[in-house]
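Per-chain numbering from 1; labels A, B, C and D assigned in written order.
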Amino acid sequence: MINFSYTIWIPLLPLLMFLFLGLAGHKYFPKLSGIIGTCGLAIITILSYITAYKYFFTSEKIDGAFQKLTAFNMVWLQFTDKLHIDMGVLLDPISVMMLVVITTVSLMVHIYSLGYMKGEKGFERFFAFLSLFSFSMLGLVLATNIFQMYIFWELVGVSSFLLIGFYYQKPSAVRASKKAFIVTRFADLGFLIGILILSFNTKTFDFITLTNPTGTAITQGGGAAFLGLSIMTWSMIFVFMGGVGKSAMFPFHIWLPDAMEGPTPVSALIHAATMVVAGVYLVARMFPIYSIAAPVALEVVAYVGAFSSLFAAVIACTQTDIKRVLAYSTMSQIGYMMLALGVSGYGGHEGLGYMASMFHLFTHAMFKALLFLGAGAIIHAVHTNHMTEMGGLRKYLPITHMTFLIACLTIAGIPPLSGFFSKDEILAAAFEHNKILFAVEYAVAGLTAFYMFRLYFSIFWGKETQYHHTPHEAPYTMTIPLMILAFGAIVAGFIPFNKLVTSDGKAFESEIELMIAIPSVLIGLLGIGIAYIMYKKENAIPDKLATTFKYSYKWAYNKFYMDEVYLFVTKKIIFRYISDPVAWFDRHVVDATMNGIATVTQTVSFRIRGLQSGQLQKYAFVFVTGAIMLAVLLVYLWK
Amino acid sequence: MSSGIPLQYFLILATIMFFAGVYGFLTRRNLITILMSVELILNSVNINFLAFNRYLFPHKLEGMFFSIFVIAVAASEAAVAIAIIINIYRRFTTINVEDVNEMKY
Amino acid sequence: MASNQIMFILFALMITVFSVLTVTTRKILRAAVFLLFVLVSTSGLYFMLNYQFMAAIQLTLYAGGIVVLIIFSILLTSHISQKFESSGWKKNIFSALAAITGAILSIVTILDYSFSATKEAAQEVDMHLIGRSLLSVDKDGYVLPFEVISVLLLAAMIAAIVIAKKAGPAKTLSPKLNQE
Amino acid sequence: MDNILTLFVVIPVLTITGILFLKDTRQVRLVAAFGMGLQLILAAVLVFLYLTARHSGNTAEMLFVKDVLWFKSLNIHYAVGVDGISVAMIGLTSIVVFAGIFASWEVEFLTKEFFVSLILLATGVFGFFISIDLFTMFLFYELAVIPMYLLIGIWGTGPKEYSAMKLTLMLMGGSALLLVGLLGIYFNSSPTGGQLTFNILEISKVTIPMSAQRLFFPLTFVGFGVLGALFPFHTWSPDGHASAPTAVSMLHAGVLMKLGGYGAFRVAIFLMPGAAHELSWIFIILTSISVVYGAFGAIAQKDLKYINAYSSVSHCGLVLFAVLMMNQTAMNGAIIQMISHGLMTALFFALIGMLYGRTHTRMIYEMGGLMKVIPFLSVCYVIAGLASLGLPGLSGFVAEMTIFVGAFQHHEVFYRVVTILAVSSIVITAVYILRVVAILLLGPTTNEHHEHLTDAKWFEKISVVTLIGAVAAIGLAPFWLSTMIGTSLHPIVDKIIALNPF
């Protein structure tokens, strides 16, 4: 047994960095805080790599399977004998893989930010928040129990809120951060309810107990049926709701495009590579339950994923803000991962989808971070987000151009880049289980290639735009991360995920199936070709197409009016038809009743005070009459 | 001296006197007449005390002493009451009981 | 009909008539005089009951003292011939009703009840006994009430002086009272 | 040692006496701060002593018991004693009072009288928490309510006489019900015909007849519920808070409203578990309405104090809600929620008072972009907001999750469904908190008068940092608090369950 107890420092170090930078950074070393934050992250990156190496290559396998190790555990809050929130570190293939992903991307983003955020007001605040985020995200993936996951789930939510609203004086950023928080919070409500139901049925929060495929939680936790589905299924659907929110799946995706109001490195880290895949990670973490005890919930996962990926891809084709295109692309790719999980089975080759999903998560983190950081470099150079105001940038930004191209080719699934491998596994998994979803994903693959190259051609080729001042290549602090990530995007596909990260921890054989791979590459190339025709040179085809499909274009351009629907629900229903009436009711019914009681008392006392007239003889009369009546009563009537 | 007259006669007489006093107390407006009504009431009580004493408990003196004290109290009451009435007359220039209603509410 | 019965009827008639007149007459001085008659007749009753001492007190203190006091105060506060404004008929009727009901109720009760006298021998009430009892501390002594009464009388005397004493003009009338 | 609890009443009284002899405003403040600082230290000592005693194996239900016969014919005692729950509440009170003194550092009008009333209020609260005799408890309760009238009526803002009168009348109405309830308990405290008693511990040993419980449980619960802002008796809260001066709002929402929850738990449910179990569904419905309704009410408000008052209705509703679930976890959550909400809301009111002192308005739309101008206060406000919406790492989360998990363990489906309803309040809470934060603090500075405001002064920082420290401490390491409360709760819950096996 190898000692992994040092892994507790992986999440703790960023927390200390956060407290240190947050409390003291502003006053004592505003300039140095970036370096300090980056160094701290570099240390935990190294730690993570060591952990990954030790876990995958030196730790003991039992029965050919990677074990789930609890490297550290302490009770944080005791509810009952069995239910308690622990804080701990759980190591298993997916958490170790996530460690690598998060620390790598986070380190790249840190280095990148040193250049990108240089001279910004609140530089030290930015790094403090980044540390907070890294802490929360690492805590999330290392969680030993579902409640710890929920805790860090909320914390990543709030760090995302803080980072989106980093430019807090910009109203749009404030709105976006608020929206992101509230939408995900609503989804988290589902997550929490799911946890409550799950814990009520299984009496445990612990992942190892919960996900043991032969344990009581899975075999007997089914519970009674409600509306035709078992309680377990309901709870897993609720839990998945949390994942839907965090991963920006339909219908909770609306916050993600707006979240691009945050600084670009944040978009790269949080809203592309790490936080948004938390939903996928959540499903993967609970996978045995989904797969064995709640297959219906898993089907929901698959369909939500598939629909989101198609939906987002369509919208991405029409957007002009490059970060929004990337955001929808993220949503679409996460849809892929969800779908892959949804069509997967448990164990051996059945678990191909699971492996593919994790594989794609890994490669996606690399190339999507690369895309965002590249986009950041572009924005840094031309000071605009809109691709209509760009063009011909390849001459000015050679490094960015090359890395961006690599990323686009990767996401389009062109061999031998990493995206090809992971996407192929997903398509293979889908093909084996559900032909309809498979067809949808083929279409999405084509769309993906199209909109990515639409972006690419519009930015780097297209019309020769005049700029206020000549755009220049970003500083090294920014280009080096780009190059490292590009390298990652190229080689990540060769990592043997089927040996390392599988549904039951055991390795299985999988190979490229040419029957699926060749058409998918062709579809990718087709998408690229169309984009080449339409956007390589400035021409009228896009406009013509837009006018031909006027209505569908308009719908897609306006994101199918989802924002408006939400706005209607929040502004009209919650504010106008619930809150205002509640407030009115409180003032005019409840409070008025209380005031009414007071008024009645007052009126009555004003009335009866007339009896106290000061007329001696009236009092005497009343007294005599009373005495007589009493006498009558006592002497004659009361016998 | 009282043989041949039943006790009830005295009591009825006292009752009439008492309620005459009550009537006066309720209807007269002049404070002094009200005072006189009170005197009537007290007097009727005295008659009762003495009659009871004589008829029912002739060997005791309680009734008589009570009457003595009642008379003493009545005397002091009359003195104080008249002082008050005079004072009221000075302040309000009237001794009409209905005009003296400062104590209302 | 024995002579004492005739005397009782005479006194009873006087008391009844003059009591009613006292509370119904509209001239205040007359009311005082009628009251005097009532009190004198009452003392006659006391004689009949064989309480000579009580009768004497009644005559001197009530008829002689209080009535004079009342007459003086009448002279101080009213014109002798002043007529009362008649009070409202409603008030009169209701008061009369209450008084008559009460009277009937009491009389009926009195007639209903059978009083039973003790068999013990009557005790003659002479001045000697009264004086001794008043100052005795024995079982049948009345020294405590006697002292209390004396204090009360003193207090009443002082109070009467204090109250009736003319207060300073500034203090007598509050502005509010003036207006009324 | 034996008299340590009495010190909690004696120190404030001595402080008041000291203040009465002073003339200088500055000295008055210092003496008040010193007295309450001493109280805070004493509370820390008490916690320490308590834990030591428990650790050394003292398993008595109440520790540091002191019992003096006070009024013989009715068997009224001055009886004090604490368990983990009261220790926690005392800790809360001393922190809030301490912060409250600093938050009202700048009271200029009748300073001496202000601090006297404030500390008198604190005396009542401390006395309430240490009492184990119902009558003494009620006495201290009344002692706490009355200075409130003066504090709001004299030092308040807005329609202060109206608010003070409303608050006092409603609370007095509540305590009238309460008194009947307490007397009902008293006269049934010895069904076998022995000596009647007010002592909680002794009453808890007997079973009050069910017919009496059915009658007196609602009275007692509603009596305390009025103070705990139970729907529909909560309307004193928004008006009262809006008119009250800063420290009074802090104390009132932070501590006084907790008397309601504490009493409902310690008296109503503990002594009459049978009726509590039978009738809990009615109050569960009322409290869950409180929770959701308060939150929705808060969304529509425009005045900061109103927002916070409605939010208090929601959070305190959760306390009563959890208490009624009558199981170990939920009750534990209720106590933590009381402490957490006490600290949080005190923090909120302190900050609102400080903002009001600078901007002279509490209307959120008249302010904007304050983050840039007064970063310290704004960051504190955000922290308070995050605590209120239940962010992990701050106290609100711990409390709410304990309540929700506990409540969801209830064996009846109805209770679990209602729990889900109550859980939904966390989203609404997020909505109104973020709405305020966004309008008030973020964005560009909208009001040009507010561009040159000064940030927090030293005494304001003391006040705020004390509270934030406590909020964060509970949020980060809830284990000890939860265990301390849980250990004391255990015998109580066992007794409740034993008395009615369900």
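Heads up, the rule we're going with is that a residue touches a chain if its C-beta (ideal position, glycine included) is under 8 Å from a C-beta of that chain, and two chains touch if they have at least 3 such contacts.
All values derive from a computational prediction rather than experimental measurement.
Asks: Can you list every chain that touches subunit B and also touches subunit D?
Replies: Common neighbours, subunit B/subunit D: A.
Asks: Supply the minimal count of touching-chain steps required to go from subunit C to subunit D.
Replies: Between subunit C and subunit D, the shortest chain-hopping route counts 2.
Asks: Would you identify the chain whose C-alpha centroid lies closest to the centroid of all protein C-alpha atoms displayed?
Replies: The most central chain, going by mean C-alpha position, is D.
Asks: If you tally the C-beta contacts, which comes out ahead, A-D or A-B?
Replies: A-D
Asks: So how far apart, in whole Å, are subunit A and subunit D when each is placed at the average of its C-alpha atoms?
Replies: 37
Asks: If you average the CA atoms of subunit A and of subunit B, how far apart do the two points sit, in angstrom?
Replies: 97
Asks: Taking the mean of the C-alpha atoms as each chain's centre, how many Å separate subunit A from subunit C?
Replies: Roughly 101 Å separates the two chain centres.
Asks: From the C-alpha centre of subunit B to that of subunit C, how far is it in Å?
Replies: 4
Asks: Which subunit A residues sit where two or more other chains touch them?
Replies: Within subunit A, residues 617, 621, 624 contact more than one other chain.
Asks: Where in subunit C do residues touch two or more other chains at once?
Replies: Residues 91, 95, 98-99, 102.
Asks: Determine the shape of the graph in which chains are vertices and touching pairs are edges (line, ring, star, complete, other).
Replies: Contact map by chain: other.
Asks: Pairwise, which chains touch?
Replies: Every touching chain pair, ordered by label, is A-B, A-C, A-D, B-C.
Asks: Which positions of subunit A touch subunit C when the two form their complex?
Replies: That would be residues 617, 621, 624-625, 627-628, 631-632, 635 of subunit A.
Asks: Any idea which subunit D residues touch subunit A in the complex?
Replies: 166, 169-170, 231-236, 238-239, 293, 296-297, 299-301, 328-329, 332, 369, 371-372, 386, 389-393, 397-398, 401-402, 404-406, 408-409, 416, 419-420, 423-424, 426-427, 430-431, 434-435, 438, 441-444, 478-479, 482-483, 486
Asks: Residue numbers of subunit C touching subunit B in their complex, please.
Replies: 2, 4-5, 8, 12, 15-16, 19-20, 22-24, 28, 31-32, 35, 38-39, 42, 45-51, 53-54, 57-58, 61-62, 65-66, 69-70, 73-74, 76-78, 84-85, 87, 91-92, 95-96, 98-100, 102-103, 106-107, 110-111, 115-118, 120-123, 125, 129-130, 133-134, 140, 142, 145, 149, 152-153, 155-157, 159-164, 166, 172-173, 177
Asks: Contact residues on subunit B for subunit C in the complex?
Replies: 1-5, 7-13, 15-24, 26-30, 32-33, 35-37, 39-40, 43, 46-47, 50-51, 54-61, 64-65, 67-69, 71-80, 82-87, 89-92, 95, 102
Asks: Give the list of subunit A residues in touch with subunit B in this complex.
Replies: The touching residues are 609, 612-617, 620-621, 624.
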